[in-house]
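As written, the chain order gives the labels A, B, C and D, with residue 1 at the start of each chain.
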């Protein structure tokens, strides 16, 4: 883990990334923006595939994790396609964005399935939701999410939900509904002001932990006592054995002495024989 | 399943002009008629409505084609008709096993656009619940993967823990699966009395029972025989597919948003990540089990750090995100969840794209299945962890 | 020793042990009583085993098992039976109708016929065949024909794969099963199941008076027999023919109502008959403990020629042993995932067959040299 | 089947037959979405509907008596549900588990969600909730068992979905009311 984080020092910042892309793509980089911490690079559709290839293959960029690809409705001008890439080595995120040529009637864009395997289903989904055709894709049909014979492109803004047209919102209030006087109905923020039953909570958690700790201590105590008892027993046993051994030794010594006394003559005679 | 044309295929002798003759094609292999086996959309192995069409030669898979969309409910469209408070009650249902993480993502991305400061206590509690949610999710997969391999008992064991945790979370949030506990700017309510004590107790209990799973499943000889070396996923292929979560970590890539792009207070706690070596089914499952253990480790740290203070901020009369687009990525139990929120300044989002982990993970299944036996397909389907609603949204 | 050897090898006329049902009445009545006895066993014991499975699985999984149907849920399987009678009999349009209808019966009948030779207590058997063991093993392997027919006739791909797997499994595991059983026949010197029980009651460890069941010298054979019978019955962890996560319900996928119930009954009757065979071959039949006879019995080893008390005691002991063995089968189901088909075949051909050959060789040599 | 849906059986026989059906509800879990998780929770240790004779071991529709549709039914899935229901042999029962299966639930305005499983197949008991608790499913099962015990099979076949029960709305949440 630490190794990964260390490699981040070499990561390019947004300006450097844009400069690098410009160097290879020239005029096809239309601009870039850092919004809420996310670096977005706007591209001309002609540079779409090349930019993805650069992002993956350029060693300084190395955007290896294909995060997602999706469409966004761009009102009269047609649709945007956005690809989010992430680099596991530098920890950077790059968002590529392009406006699909063909307007709302016949949007077509080149496919990047050759570069990222994960683009396959993402492009199928974009086709299913927006009707954007991807040239070079292995097969956009059958529609990936909706029913095979579904008519229309659900995520386009001109696709209206039939149920909503037929029936009003069944809940009590519409999203952020206005009251009779035209004011927004206000939510009563009464909870956030109170600090919450924190001290009691903490005390109880401490108690619970104390119980666990107590159990552990008791268990250890028991184990220690058991060990002590065992040690004492072993000691007693050892003492007993030592005593027994001593007694046995004494007896043996006595016997040996007696034997030695008895065997004195033959033993010495043996020695004499050996000699 | 039982139409006449397929019957003719599987009974070669009955089709006119066809002989039951086996052609020997070198190495003693027989040339056999290929068979198409459609598993799903309602099949026990696919836990949910996921369909996969297999081309079989004997029991060997020559091609696999997943068919998805059976659970497509149009979340992204519906989100455009709901305001930012209502969206969180919607999104926590797409991955129904990780409701809290889903709504957390929305809360975070809206807060990011509003540039809102969330109270510390709320962030720590969010982390606590998110980690419990992760444990819940993973326990479910421990049970279901074992069930797919034919072992029924781990499911019952897993639900024993799940039930306890669900009761705990219900005490705080009021929900068993879909918590709807987040709000833009904090949480709905503070934790109830005694929650922490119970959480401490349960964390200890789960940690004590966790070795059961390691023994019963991971250490089981038959389990190992069924999973080791099955469906290895090389890291570069995994990344190209956009595979994340335990499936990616099993391939040995140390990518976990909690570490590499910390959100909430994950930079203040120790987040260990278990990495696999081969990316096979065994590694994927091992990563899942270790994630449970490490989540409990994080939960224990949160117990020690939880600060006092308010849990939400006063909101403006109407939550309206400013014009622009923001992207927020969080580590969902199954992988990286990304929300791309594009706003035109109105009270509903202009576009809310959900980048769900299962969608990308499942894409890798045809790659994994090619050349495998049918029973191995089950092992792979079970170990590339996915939730059907998370694929189809 | 030479004398004994020739004596045991000399051709002897086999005298079947008399059954308690061989009453001194008309032949027809005797046959009717025996049929009733077999059917009663066949219908009741599998139900008891099924109930035990429900309850044991429940307890092992922190559940309670069925409690609502009857006292303590004892009538759960009766309710199942009543329900199956009422179910609609669906035959798929593409199915081979005759074969489809015949298949469950063909699986069920051999399962009944095995009960013909199984001894359950002193005198409590229908008939004592000279080739009893051979008959039992041969007839029990016919069931798989019904399984394969069912798999083929359903015209369903999952069924077909299930049926073929069942066939492949039978071929693979019949061999170690029979090789293990042969070792018992060699040691007992007879193929009659009653004879094998008698041989166990009188077998003593050479040089001592210690009475032993065959499980002690042949523990390896017993384990092989147990594993192979699990596989033959396609019980977990060898339940590939009905692997639910792969093949829905295998060969049973298209069967409904009473036909499906017949397959289920076949499975449970198979568990009972295989366990009964194990009890007879390895666990000393109705002997309580090695060397302990039944009350009121005078025959060999205190196990034959009993009064009715001894007969009942014997039946109870046999059934208890059967329940213990079936419980172990249930336990394996609860504890283990299932193997893969090729791993299963490998286990049989590369492990169990060689081991059972070694077992047979060792027993044969020991029979000549030691026993 | 055959005769039994034509002829009214004598009362004692009918009692026994109904009792058999009541306690042997082999259940095919048609787990569609979130509710499937609560369904599984209802089958495991704490709630354990196997106690009531609901056996979740029917892996295919052919062996099942009870279809629990738990979760959102989409237009893409609806034909499969219809077919699955038709594959089940009579007598068969359906529990619609969860708001989505009852009426479309939170996806009432979606372009791809069927507004209730009863548009496709007849339903016997509706269990409301999003998702309902496992206890609610147990309640639904007991309600169904009560219905089965007191039903007549020919009548049931003749007019199937006339007497559907919605828990909490049609029937009070205690057994006495049924």
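Here is the rule we go by: contacts are C-beta pairs under 8 Å (C-beta built on N, C-alpha and C of every residue); 3 or more make two chains touch, one makes a residue touch a chain.
Because the structure is a prediction, the values reported are computed rather than measured.
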Distance-to-centre winner among chains (Cα means, whole assembly as reference): B
Distance between the centres, which are taken as Cα means, of subunit D and subunit C, whole angstrom: 38
Gap in Å, rounded to a whole number, between the CA centres of subunit B and subunit A: 11
Inter-centroid spacing, subunit C versus subunit A (mean Cα positions, whole Å): 51
Inter-centroid spacing, subunit C versus subunit B (mean Cα positions, whole Å): 45
Set of subunit D residues in contact with two or more other chains: 44-45, 59, 76, 109-112
Sites on subunit C at which at least two other chains make contact: 61-63, 244, 248, 254
Residues of subunit B whose C-beta touches two or more other chains: 44, 69, 72, 74, 77, 81, 156, 160
Category of the chain touch graph - line, ring, star, complete, other: other
Contact set on subunit A toward subunit D in their complex: 145-147, 150, 154, 159, 161-164, 167, 170
Touching residues on subunit A, where the partner in the complex is subunit B: 1, 3-5, 35-38, 40, 64-68, 70, 72-73, 82, 84, 86, 88, 91, 93, 95, 116-118, 120-121, 129, 143-147, 154-155, 159, 161, 164, 175-176, 184, 186-187, 189, 191-202, 204-205, 207-209, 212
Subunit B partner contacts - residues on subunit D that touch it in the complex: 30-34, 36-38, 40-41, 44-46, 59, 72, 74, 76-77, 80, 84, 106-107, 109-113, 130-131, 133
Complex contact set, residues of subunit B against subunit C: 1-4, 6-7, 10-11, 35, 37, 43-45, 59, 146-153, 156-157, 160, 216, 220, 222-223, 225-226, 373-378, 382
Partner subunit A, residues of subunit B touching it in the complex: 68-69, 72, 74, 76-77, 81-83, 86, 112-113, 119, 121, 185-186, 188-201, 204, 236-237, 239-244, 253-255, 259-261, 273, 303, 306, 308-315, 317-319, 324-327, 329, 336, 338, 340, 342, 347-348, 350-351, 353, 355, 359-360, 363-364, 367, 392-393
